[in-house]
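The two complexes that follow have subunit A in common; it is paired with subunit B in the first and with subunit C in the second.
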Partner chain A sequence: MNALNVTDLSIDFPTARGVVHALADLSFSVARGRRLGIIGESGSGKTTTALAVMRMLASPGFVSGGSIRLADLDVLALSEEEMRRARLRRVSYIPQGAMNSLNPVMRVTDQLKDAIVAHEGRTEREVLRTRIEDAFAGVGLPGHVGSLYPHELSGGMKQRVCIALGVILNPELIIADEPTSALDVVTQRQVMQTLKDVQQRIGAALILIGHDMGLMAQSVDELVVLKDGILVEHGDMRRVIENPRHPYTRELVASVPLVGGESFLGSASVAPDFAPGRQGLPLLEFESVHKDYGEITALHPMSFSLHGDAPKIISIVGQSGSGKSTMASIMLGFNPPTTGRVLFEGQDIARMSPQQSREFRKNVQAVFQDPYACFNPFYRVDHALSFPFRRFGYATSDAQVQESMHQACQAVGLDPALILRRYPHELSGGQRQRLIVARALMLNPKLLVADEPVSMVDASLRATILKNIYDLKDSHGISIFYITHDLATAYHVSDYVMVLYKGQVVEAGPPREVIGDPQHPYTQLLIASIPWPDPDREWGGTTTAAEDIAALDAMDRDVPTVFRGDVSGFRLDVGE
Partner chain B sequence: MTGMTGNRAGEIKGWRMRRFESPWINPKLFWGAGLLLAVVALGIIGRVFWNLDLAFTGAAPLKLPPVGFENLRGQEGAWHHPIGTDGSGRDMLALIVIGAPNSLFVGLLASLIGMSLGIFLGFSAGFIGGRTDDIIRVLSDVMITIPPLLILVVVQSAWGDVSLTMMALLIAGFVWQSPTRLIRAQVLSMKQSGYVQMARLSGASTMHIMFREMLPNLVPYLFGSFIANVTTSIVTAVGLEVLGLGPQRIPTLGRTIYEAINAGALIQNLWWWWGIPTLLLGLMFIGLLLVNLGLDEVSNPRLRKL
Partner chain C sequence: MGRIPRSYLLNRVVTLLLTVWIAATLIWIIPRLSPVDPADIMLGRMAAGAGAVENADQILERLKENFGLNDPLVIQYVKYIGNVVTFDFGLSTATFPTQVSTLIARALPWTVGLMLLSVVITFFIGNALGALMAWDRSPKLVRVAIPAAMVFTSIPPILSGLLLMWILAAKLRWFPLTGAYGLTVEPGWTWGFVQSVIHHGFLPALSIVIVTFGFWALGMRGLMITVQGEDYVTLAKAKGLRPRYILYRYMIRNAILPQITAFALKIGLLVAGQVLVERIFAYNGMGKLLYDAILDQDFPVIQGVSFVIILMTAVSVFLVDLVYPFVDPRIRHDGGDA
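Right after this comes the complex of A and B.
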């Protein structure tokens, strides 16, 4: 018997511009004990499907046709009260960013207790205690965690508490909506292992919603591919990944960059045509830069110098909290270092005259992580392009400004007639991020700091945007700092990679060595934890994720930095 | 989870859609602004068509009722004084034509000054930070706990007669705290936002960031805060006037109510004397409330019902 049957499900959202069909005639089923993945880009209707099954669709969306059956239960026919009883007991939902869905002012035990009591009525204290202890043990959490408040737990622990909460009433179906999207790869592996173990133990069906092909390949049995609310492919996971039938699926599978795989960049055809910097002086230089936030050291002393004569892409990789974004804001002069100096063409950026400061701003530009926040909602998007252009004195006439904007848009593959003159909320994340790259292109800086430029953009667009950024180096002679947590893309785009761990450079060198053949235990662990979109490739090494995390905690902070070779024009030193 | 079917649903949807598209076409905003404009119009049209000299003491028979009513002495209302006269022979219509715009004026002026102060202090606190921020924050937090009426009663009774503008200035000293706090909080969060960082990368000056990047995004908040402040200021002004502490020589709605109460209008059943100014104040407050609710819908799309 199937745990869930969805037949011809359609969901509509009436909006100002007419009815949006969020989902059209979707049919699939999942049996108990099986795992089904739903993959698609943002806006493809994945989460909408999950919410419809939970009967938690946000207004004004409504089910316009089809049926949802949980085993023998017709979900759409239930009353509100019947549905309330079915939630958690028959079907549980682990939402996106579940870590924020725990009540911050309640101990986690009490939150689990609430779930049991709300569904089963008064229960004896002893029974409650043992059940909750078992639930914690089932997700690999020590018993004392129960008496803590959510803010005292790490992200991975909170996510596992949410899993414990989701399975405590032994539901027939668990829906996990991007349960690991906010976690780093090492923790992601642990959480997914926990989820799979628990699901198998209670014999429930699992629906995993996500956008990461690698995670799907390592986690599910069956795969549903959604595009714009329409099911484009459904089948056995191995078949879909190894032999995709629909062009969109093929594109999705092909867009995942692999370490050591074929480059998604194509061959650079344009001959470098760069503007040499001031002779002899490095473009950007860190002199024993060190940053503390109160007690915490965000960045241990490091020095480097980058010569802009031959443009380079330097990647800085690391997990959240490794200090890579701190490095970016120090480079941009937003955040002064605690000790040490940052020099731009030999001039300390903290002691610049207004004239020099303008020169620095003109030549050091950035692309930030969040393409939604980078545009002032009050202005049309061309403001972001034309304002700095005029400010830095490139503009000679209005027509010339327009002309430059059009050229820049075309260079990043946007149609200027469709994009300029619109407001930011009318554009997609990918379009906005490409506009920011176009902005950098227009200003033609000597150095670009790209802080996680593609982490909030849909997978199929990532390669395009990275290619746009990569082209800046070759055709415009712009040196780039590429800051990312994604080792696979760093492998392909960069000339030099440094791996940061807790503010310290643990391994540095050309990407073929550092990422292709890591030497430092931390780099090795990071690379082993990446889920590969290849069902035959084991996720992680021989160790379990829990052991890995223990090893990471025990990792000796004094393991010296492993230097794996040099590239000309960039020199890195660690220590005072 | 019910589908909308049938023509009727379609029509309703169509109407709601149009409202969704332009938030400014909003019945609350429309009626609210209408009420306030009616008060202003009363002042303007009244000045043209009515003899304002009737507002002086003894210009008319005493205690005449509005047209169509009889007072305790059996006198009937006359068209010379359509809404009656007060206990010292002043024409009610003339009093209201002068008084109603005065109350609105005090509210608007006090709120305008308070807002300007709030914008200045809020931006300073949020932008400069450090010691400046500490001082402004503590000052506004302390001021917010002091009931303005208490201080104003003391100040105005010591002052004696005040002008309308003076009263507005005094009230403005008590309505700058909440805009200050609001703007400071918004500035602090906006300072971290991507577009402000982008503007800094673009070499924008601090002034540009404050007034060209941040301020436009604050406009909906400022509007809402402004209207709320007008309401507070009018309430405070009327409170002072009803206590007899407002301007002595200029007719205001509050002062008319004060005189009515003083002369025992309640006992003598001279309801038009205190009732008409009260009604007018009520309409003004309802107008302000509707405008505020309407602006809320403009700035917060989630409140717009589809």
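Right after this comes the complex of A and C.
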């Protein structure tokens, strides 16, 4: 018998502007021991499907047709209390937001305890303790984790707690909703391996929801492709990836940037030819910059100088906690270094006059990770775009402001007529992220610091936005620092790559060398941890993720930085 | 978590003392900027009572002498700070020569009793109702009735007090109209007296509760709606926990955290907050004392009451600072947050 049978499932959301069909006539089934992937973009109905199976649809959504059977249970016919009992015991749900899925004011153990007690009634304390310890051991967590509070755990540990919780009552079906989307590649591989192991061990069916074709290829047996609430393709994973029938599936497969693969950027048409920087001084310079947070060293001493005369894209890659974002905030002057100096066109940014400071702000623009948090929700888009433009004294007339906004929108592929009079909440994440690029562009900066600019947008949009950013280099002569954990995109866009590990540059050079043929063990691990959309290509080699991470931790911290070659206009030194 | 580190405690204590010192200084400076001379006022009061006052100039001089108003400002200030430390605010000018501290000591228990009780009750009722308003499993009736009851919140306390007096005291005669206890009972720890106090306190307490619970309820409702969207609440449901357990341990437990800070501030203000309520119920607490002192321009009493208000606010904020890390493990005693 199948663990789950979904037949002709339709879900509607009545809204003020009419009924939205979130899901239409969806049918699929999954047997115990098997893994099914559901892939699609945000809004395609993936999470809605999962919530419908849990019978946890957010109001006003409701099931308007079809049936959901969990083995012998007719999910839609159960009473509230019967459904409550089925959750976790029959079907468990591992939610998307690993970061916030645990109650912040309860110790981790108590959050497993209450789940067991809710289903099995009072249980002896000793029995509970051993069961919880076993559950933690099963996902590779040390026993003391239970006595911690969620904020004391890393993202990967939290997600493994959620997996331990999801399997503690041996359910027949596990639904994992983008369980690794907030994690870096190394941790992602570790968490996915844990999830697969545990699922195999208890013989449950697994539904993996996601948007990453590479992750799917490495994780599931069967694939369902959803677009706008409609199933466009369903079949064996290998068949779907190797021989996609629906054009949308083909697009999904093709949109995954590959290391060494064809560039999604096209070739630059204009040969860059720009005026040299003022007095030949470097655009941005780090002089033995070093940053401590209390006892912890976030960034070991490093120096670099970037000349602006021939614009470059410098990528900074590494896991979360590697010091990438610390570097970005030091460059932007938000976070003073503990020792060392940051110079912009020869001027120490910590000792600028108000006038110089304004020039610095104008010339150095930033694009941040979260496109949702970057706009003041009270103002329309045109205000958000024109405000800095006017403040920095670019505006000569209202008509000229309008003209600049139109040009900037068009440069990032947005229709100004549709966008400018809207409020930020009316736009999608991708549109907002492009607007942030447009806003930076209007100020005609010399340097752009882009911190994970595409990690929160759908795969199909990533390429577009990256191309927008990439084009700035040649069409506007802007030098760019691209900070990311996505090595495949760094491979394609950058002129120079720095790999950061625990605040140290471990490998640096042109992307074809550093990413195409990594030498340092950490870089090698990062590259090996990328899930390829190719079922024949093994994910991470023969060692397990946990072993790899342990090997890295044991690695001698004094392994020298591997330099893989230079590019003109950029010079990097590490050490004092 | 766990033991409070000494450096943190020291830091908080210094902040507390600094706050109180600055406040005490402001209280001293502000009346001195006023053009009114308290000695003149007293003389005026004597004149009103006895007609012409002989030797007015001498009396004025004596008064100024007694109040130390002839000393240089620095000496006055140093004396004042010394007095404040011992809770000596001098003599009331309106009920001369009663000690201000005596007046405050007489009024404070009434206010603390009545106000603390009503503020605590309001806090619990308001937050409970706010939580129920936002909870998706509340009975429909609850979700309709509570917002309707919020109408009371928009009524000024003086009106609702009068309304309650009119209905429950004047018409139904269930409760006495005014006073803190009956005229016929002797103050003391007797059952009859306690009964009388509760009987008299009920109406003022009720009028405070019904006009202020909305503050807590609306705040809590907003916080609950935010918490309801949190991933940990979704996961709690997916874990198959019982709905009530989710309500208490996952939703209210998290939503209440900002309310606790607000509660500390309210505790400090409760002395002054309900001046009008005490006034209309002729309840002999701090509010009425302050009200009368303002009318009489009785500066020493105003200073004394203000100081007590500031002291209570500072102390309750101090206590919350100490307790909060135990309520929210994300806040650490060393001052940083995670």
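The definition used in the following text is that the second predicted complex is superposed on the first by the 523 of 576 C-alpha atoms of A that agree within 3 Å, B and C clash if a C-alpha of one lies under 4 Å from a C-alpha of the other, contacts with A are read in each partner's own complex, and residues count from 1 in each chain.
To be clear about the criterion, a contact is a pair of C-beta atoms (placed from the backbone, for glycine too) under 8 Å apart; a residue touches a chain by one contact, two chains touch by 3 or more.
Since the model is a prediction, treat every value here as computed from it, not as a measurement.
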Partner chain(s) touched by A:E152 [first = subunit B, second = subunit C, both, neither]: second
Subunit B versus subunit C as contact partner of A:S101, first or second or both or neither: second
Residues of subunit A contacting subunit B in one complex and subunit C in the other: 59
Touch list for subunit A against partner subunit C, complex: 54, 56, 59, 84-89, 92-93, 95-97, 99-106, 114-115, 118-119, 149, 151-152, 162, 165
Of all residues in subunit B, those that touch subunit A in their complex: 1-4, 13, 17, 20-21, 193-195, 197-204, 213, 216-217, 306
Residue ranges of subunit C in contact with subunit A within the complex: 136, 230-232, 234-243, 245, 249-250, 253-254, 257, 327-330, 338
Subunit B-touching residues of subunit A, taken from the complex the two chains share: 12, 14-16, 55, 57, 59-60, 62-64, 76, 332, 334, 358, 361-362, 365-366, 368, 370, 372-379, 384, 387-388, 391-392, 436
